[in-house]
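Two complexes follow with chain A in common, the first pairing it with chain B and the second with chain C.
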Partner chain A sequence: MEVKFNDVSFSYGKNVIFDKLTCSISSGLISAIIGSSGSGKSTMLDLIDGLIPCSNGYVSVGNYKVNDSIRKSIGYLFQFSDDQIFNSSVYKEIEFGLKCFKCDNIDSRIRDSVKLVGFEESILAMNPYKLSNGEKRKVAIASILAYDPDILILDEPTVGLDNISKNCLIKLFKDLKKAGKTIILVSHDINFIHKFVDYIYLIKDGRIYLEGNKYDVLSNEEAMSECGLVVPSILHFSNLVYNKKGVKIGYRDEINDLIKDVYRYAKW
Partner chain B sequence: MRNGSFSRYYNTNSIVHMINPLCKILAMLIFVVMSMVGSCVRVMCGLSIILFFLMVLSLVPLKKYLSSVYSMKFLLLVIFFINILFGVSIYNSFIMLCRVCLVLMYFSLLLYTTTTNELALGFSSLLRPLGIFGFPVSKVSMAIAFSLNFIPILFMESGKIIKSQTSRGFNYRDGSFKDRINGFNSVVIPMFVLSMKRADSISDAMEVKQFSFNSNRSSIKGVRWHLSDFYMIGCHLLVLVFVLIKEVVL
Partner chain C sequence: MDNMIVINKLSFKYDYRVIFNNLCLSIKKGKFTTILGNNGCGKSTLVRLLTGLEDSNGSISIDGVILNNSSLSSIRRKIGVVFENPDNTLISETVMEDLAFPLENLNCSRDYIYSKINEISKYLGIDHLLNRCPRDLSGGEKQLVGLGCALITGPELIILDEAFSMVDSMSKLNMLKLLRRIKKDYNVTILNISHDIEESIYGDDIIVINDGKVVIHDSKKNVYREEKLLNKLGFELPFMVSLSNKLSYYDLLDKVVYDMEDMVDLLWK
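Right after this comes the complex of A and B.
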């Protein structure tokens, strides 16, 4: 499902966040919205889920304007999603969303969703407050996946997670993309997102400053610095080699692939 | 309440903002007594004029005061109907409603024009005389200071939690009354957990900084009395005398 911002304006009191923002986020891709703090990234996600109303213009998901009824097709993972937990067991926690959306086959959905995020079924009986932060985040993701939304929006999904948990998330997001889901995320962790996203929206002062293929945007040193961000080290190295030696070794997602390329070009 | 309209400091550097916090708290207490003693429309009108005058002087938009009362509409309706149910006449129920509205607006005036630190300082000055009788003034004022500082944070956090539960399909606006009451857990429990977490981290931070409850607290500004403070208290006392004469003597 494609997400479209049509001349969207939004302000918090007198503070204008977006003024006639127009963009479209393609379906079936993993897209990232990046920008400095306060640039309006999380507000964009709130607008997509209809949690805050546009002052002007509208956001559409598929062919429908965003409203309360479209919320079932959107799964929103909040920045501190573990704060939303309130039930005494993981089972009840996941069940909450399913009951609210009046889903059928609740039990099988719950069991499938925990397996999808890499848990054993035994976790369902556990108290969510006794889980680690990474596990709580996974429970929050499971509670979203249980109602099978077409679009997943994720606000800083890696905050407070270690490398192992981050890599688990990357695998999960790639699997979800293969299953046809549209994933839209907001993150400051540039070195993490460049490994798996397809498309990037760089925002500054409430407008799209640059958008495009992840390599085109993330390797653009000038634009990134203009928006208060730094180019991921792995891409910066490729830029450096090109600028100093005139050799185009290309952009890679993993450091091992980059080392192989450098080794090949250096002809050792 | 959800958007925090009831409790946010609004800085306009007005004359009301400059008045010392102890004076504002005392004036509010006098105002509460006046509104409780007053039992006719004329007194309520008089108190409304005083309040309106202070609200204009505070330079805080009047819309903000009205929204703070509007956010308590259900409580006000409950008060009104409970009075009627218990056989109180419509006139007296209306006077009761006016009293609550006036007190709420005066309380908003205090909160809009006084920072939480100033309020804590005001309360500790107010309680200081009780120290003679062994009342733990510094502990209580510290607890008040923390509670006041927590109010805006808790409002902000509750907004986030409501958003996250709404995104999971919970409908706080249109669900049945029973569902809404049950769904209250989905906000109250995370809020409680968050508050405990924050209290825990603050106590750790205080312990690291060698904070001691037993030593006296000092303040850079302190409570200083100016001419305008005396005017404010004087005017309130004068009106209190008028109200007492009107209600008790006449």
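Right after this comes the complex of A and C.
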């Protein structure tokens, strides 16, 4: 289900966030919206989920304008877990969405969803407010995975997560993409997202400054700096080698692949 | 060197969940120490214990004074904290009012308050934000204001509790470099509590906590040598350290190089 912004305008009071924004987010991909704080990233997600209405224009998901009827197709992760979690046990927290959407097999869905984010079932009895921030984050993610939405909208999914949990999420996102899901996320964690995203929207002052595949956008030093961001270290290294020494070693996702290129070219 | 923090046989649990089990650690004065740990290991709980927001078994001393009910007030004056979510700590209508708040609580004079606001806001590069509403600021700007609120009372210890998790990459880099300067210029002990090992590059020492205990405590140089142990605990080496180590394996480097430009110059001499 493609997500489209059709001449969307939105303001918070007198503060104009978007002015006739038009863009398409393809289905079946993992897309990231990046930009500095205050650029409008989270607002874009809120508009997709219909949490806030457009002043003008509209957002569509597939053939439908965003409204309550498509809510079950969208799983939304809030930027702050404390805004999302409100039940007295992890079990009840995850159960809530399933009951709202009248899903079947509630118990097995709950147990499967916590395993997907790397928890043991023993977490289900715990009070979410007594969990660490990172653990709350994973509970919030599990609660939206449980009702199996077609589109996952994730606002800063890795905030508070350690490496183990982040790697678990990478695997999860890749599996969800294989299953045909669309994932749209906002993240400050550039060094994390470059490992698995397909497409990037770099936004500044409420407009798409640059979009493209991850290497085209994330390696663009000028564009990233203009938008208040830093190029991922592994891509910055390749840029530096080219800019300083005229040697093109290519862009890699993993250090081990980068090492092979460096070894080959540095030995010349 | 004197210790700023000494924790001795600290045990703590939430209901039936054990967080710390006879935890012992010490933080040296004047150092920039990074405490690393995975989710649920007790990082934020440690901050709450150090600031007296929670009671525990065992002892905690700050700058040689045992933390208890009678010393709590004087100890808290020595500590500034920057929390993860600045929206929970910035409460005023302007940045100036938020910076003034800690000093007003200490009954400082108006003149003193204004001179400190002037000094700290210029030092941190946020003087242009003084009349802005904190809620309208970017994440990075909010955390700089939070750091200003922590620094303005002249603490001896600044604790950062996952303070960079909601901050963009450029702001994070600037803040970490700023903390290094603050350590020197204001003679402050810095304690950065995080799950991100990359932040430790800017510090001096590293402590890794796992299963309620200290697993590693050493200079960052020595900790980075323990790659297998770090991997076992779920940490990868910081990018430049990992790159240096792997390049050394291929005889392309013979030391850890932290600066990327220096590394490129060395590789393509």
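Assume the second predicted complex is superposed on the first by the 265 of 268 C-alpha atoms of A that agree within 3 Å, B and C clash if a C-alpha of one lies under 4 Å from a C-alpha of the other, contacts with A are read in each partner's own complex, and residues count from 1 in each chain.
Note that a residue touches a chain if its C-beta (ideal position, glycine included) is under 8 Å from a C-beta of that chain, and two chains touch if they have at least 3 such contacts.
Quantities reported herein were computed from a predicted structural model and do not represent experimental measurements.
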Check whether A:122 is in contact with chain B, with chain C, with both or with neither, and answer first, second, both or neither. neither
Hey, is it chain B or chain C that touches more of chain A? C
Looking at the overlay, does A:101 come into contact with chain B only (first), chain C only (second), both, or neither? first
First, second, both or neither for A:234, with chain B first and chain C second: second
Taking the superposition as given, does A:266 touch the first partner, chain B, the second, chain C, both, or neither? second
Check the residue A:63 against both partner chains and state whether it touches chain B (first), chain C (second), both, or neither. neither
Intersection of the chain A residues that touch chain B with those that touch chain C: 80
Can you list the chain B residues touching chain A in their complex? 157, 160-161, 163-171, 174, 185-186, 189-190, 193-194
For chain A, which residues count as touching chain C in their complex? 15, 36-38, 79-80, 126, 130-135, 138, 156, 159-165, 188, 190-191, 225, 228-230, 233-234, 236-237, 240-241, 244-245, 247, 255-256, 258-259, 262-263, 266-267
For the complex, which residues does chain A have touching chain B? 46, 49, 51, 68, 71-72, 74, 76, 78, 80-81, 83-86, 96-97, 100-101, 129, 143-144, 147
Which part of chain C faces chain A closely enough to touch in the complex? 14-15, 17, 37-44, 84-85, 136-141, 162, 165-171, 173, 195, 197-198, 234-236, 239-240, 242-243, 246-247, 250, 252, 260-261, 264-265, 267-268
